[in-house]
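Labels run A, B, C, D, E and F following the written order; every chain starts at residue 1.
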Amino acid sequence: MAMHLVFSVNGWKACEPCTSADDIIVLMGDGVYATPKQQVYAIADDLQVRGMFNNTNPSMISISYDDFVSLTESHHPSISWND
Amino acid sequence: MKYTLAIHGSPYASGAHLQAILLCEAILRAGHTITRVFFYHDAVNVALNTLVAPQDEANLNAKWQQLAHEHGLELAVCIANGLKRGVVSTGEAKRYKLDHPSLSEGFELVGLGQLIDAIATSDRYIEIPT
Amino acid sequence: MKNLLVQINKPPYKGSQVLEAIDAAMVGAVFDCQVTVLFRGQGVLALWPDQDATGIEQKTVSKVLSALPTYEVKRICACAEDLLAFNLPVRNLAVPIEVVGYAEIAELMQNQDAVIGI
Amino acid sequence: MKNLLVQINKPPYKGSQVLEAIDAAMVGAVFDCQVTVLFRGQGVLALWPDQDATGIEQKTVSKVLSALPTYEVKRICACAEDLLAFNLPVRNLAVPIEVVGYAEIAELMQNQDAVIGI
Amino acid sequence: MAMHLVFSVNGWKACEPCTSADDIIVLMGDGVYATPKQQVYAIADDLQVRGMFNNTNPSMISISYDDFVSLTESHHPSISWND
Amino acid sequence: MKYTLAIHGSPYASGAHLQAILLCEAILRAGHTITRVFFYHDAVNVALNTLVAPQDEANLNAKWQQLAHEHGLELAVCIANGLKRGVVSTGEAKRYKLDHPSLSEGFELVGLGQLIDAIATSDRYIEIPT
């Protein structure tokens, strides 16, 4: 159960085909501009800064850094995507 | 759990440093330990001792120093990546006959092996990319 | 009087790159250039409303943009295709802009003395 | 023995980023990790044959790659879809590689202790 | 008659629709990996470094930095693309 | 003709500097003049006086210095971009109470107005981006 950290829109395009069904995906920084159809997490602070907090789609779950750390406890390894 | 963090992004051409600082704080809040924070690629520039942060922007160097001071974090700057980008310790400044060192207090120059060693002895490796 | 185009093609919070490009536009106007700012590619994301960068101790890019007219930067454009590609709410952007198509951008560029990017 | 994946997704001569990532792979192997290198995205461009960076006074990336097996980095993979997208001559690459599809990459990633990128 | 300097593959994608018929296009650095269908110039040194010298398509004209300077004399302004 | 050049790319995360150096040489060979070379964004880091280039790689700082010395080029580093990235002159080091300056010989810190001024008095502006 890997954890994919997506840092950019192009990072998401590269990440999407390389995920397994039991992996989780977290959008961070400019990654929150991505528009995945599947369920993903997104860092609340990063949505807030960019004006995207009220523009997320229903499949996006906004999380804190504390939530993020909890996810790292149960998912491994983490893979960063920034294409 | 034990975590190793790596930062790859430039302090002013990426958001990597503030993301990493917020993540470190959350890891420590959760009761985990951070084996080492490793600066690689253009991220090493945050360790320069001459950075003058604008008054209305975060002082990334000071934030790292404070975090390291409060929690005994090891801020490890890749020596090969650092030297070519102008980040030199007192020892390296002497070796290369430079007028002065440029490495901030709280940071240290280490070999790339220290990243691998930290990964090998940690449960988690998280990387904030360029 | 020189015609100066500043084109912004990076997302607003990828470090300070966009703020530094806006600085160039403002200083250009102070130095009597006829300045146009063009948002294109991921640069259009700077036009998203309700930004707030106080949490990351940085200037809020959209607030800086709203000061551009005060600096005599009168023309702010954005690429129509890129606004659409990034789902920007064109009726509710952070600052008023002029929507331009590819052909207008091509013509705009030809009419400049210099084009500054990131 | 830790499983370490180094994924390279930037073009080979965008500064020294790719060379620095290869350094990490080599040092990982020296420190007894089981290292895999994966070229994907624009990273596959490092596999183009006949590179010669002496003119820009930099190491030739493909020559450095050919030293990887000496460093006990035994597995070098490249994304099939990206090799195709960038028109790489798959029968004549700079170094021998294992072509992997998306599903294999997803599985490869799950089996690592750590994944280092750029 | 503008001069478009293309520094990346994505830069070319962004540049292409914004060119006029009398503009010229020069691929530099990682821009030489782009594959335009129209006639373009490409810096010979950059092709050489990347192993692309014998892989150019017929519409690509390899030029020196001296040739590049000649082109700047007759084309203006220059616009840099690096998306 | 008169040219102004701007460099935006980081010395080690882009190929901007060597491209710009080769372009400068060609401009001068053609008998043109270069009003000013302006360093902006992460490109300012090339002006640090503590860079230690690897033996098998180009020394970009030295190459700029040599070009400036031979042709009387003005190497202008944006002061706002430079200060926050740790590039400080003797004067700025004093002002901000830093131990030492970090700006290499041959480079100078200038305001952004000097870029606009150079553009206004030149026939051509060429930018090597990030």
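As a working rule, a contact is a pair of C-beta atoms (placed from the backbone, for glycine too) under 8 Å apart; a residue touches a chain by one contact, two chains touch by 3 or more.
Predicted, not measured: the structure shown is a model, and the values here were computed from it.
Peer 1: Determine the set of chains touching chain B that also touch chain F.
Peer 2: Neighbours common to chain B and chain F are C, D.
Peer 1: Enter the minimum step count from chain C to chain D; a value of 1 means the two chains touch.
Peer 2: Minimum number of steps from chain C to chain D: 2.
Peer 1: Please tell me whether D-F or A-C has the greater number of C-beta pairs in contact.
Peer 2: Ranking D-F and A-C by C-beta contacts puts A-C first.
Peer 1: Name the chain whose C-alpha centroid is farthest from the C-alpha centroid of chain F.
Peer 2: For chain F, the chain whose C-alpha mean is farthest off is A.
Peer 1: What whole-Å value do you get for the distance between chain D and chain E if each is reduced to the mean of its CA atoms?
Peer 2: 27
Peer 1: Could you give the separation in Å between the centres of chain A and chain B, each centre being the mean of its C-alpha atoms?
Peer 2: Each chain reduced to its C-alpha mean, chain A and chain B end up 24 Å apart.
Peer 1: Between chain B and chain E, what is the separation of their C-alpha centroids in Å?
Peer 2: Roughly 38 Å separates the two chain centres.
Peer 1: Give me the residues of chain F that touch two or more other chains.
Peer 2: 10-13, 15, 41, 57, 80-81, 84, 125, 127, 129-130
Peer 1: Residues of chain C touching 2+ other chains?
Peer 2: Where chain C meets two or more other chains at a single residue, that happens at 13-14, 16-17, 42, 56, 113-115, 117-118.
Peer 1: For chain A, jot down the residues that touch at least 2 other chains.
Peer 2: Counting only residues that touch two or more other chains, chain A contributes 29-30, 45, 77-78, 80-82.
Peer 1: Chain contact graph: line, ring, star, complete or other?
Peer 2: The chain contacts form none of line, ring, star or complete graph.
Peer 1: By the document's touch rule, what are all the touching chain pairs in this structure?
Peer 2: So the chains that touch one another pair up as A-B, A-C, A-D, B-C, B-D, B-F, C-E, C-F, D-E, D-F, E-F.
Peer 1: In their complex, what parts of chain C are in touch with chain E?
Peer 2: My answer: residues 7, 9, 40-42, 81, 102, 105-107, 109-110, 112-115, 117-118.
Peer 1: Name, in rising order, each residue of chain A that touches chain D in their complex.
Peer 2: These residues of chain A touch chain D: 1-2, 14, 17-20, 23, 77-83.
Peer 1: For chain B, which residues count as touching chain F in their complex?
Peer 2: 10-13, 41-42, 45, 48-54, 57, 80-81, 83-88, 92-93, 96, 98-102, 130
Peer 1: Under the stated contact criterion, what part of chain C meets chain A in this complex?
Peer 2: 11-14, 42, 45, 48-53, 55-56, 62, 86-87, 89, 94
Peer 1: Give the list of chain D residues in touch with chain B in this complex.
Peer 2: Contacts found on chain D: 2, 4, 10, 16-17, 20, 23-24, 27-28, 30-31, 33, 113-118.
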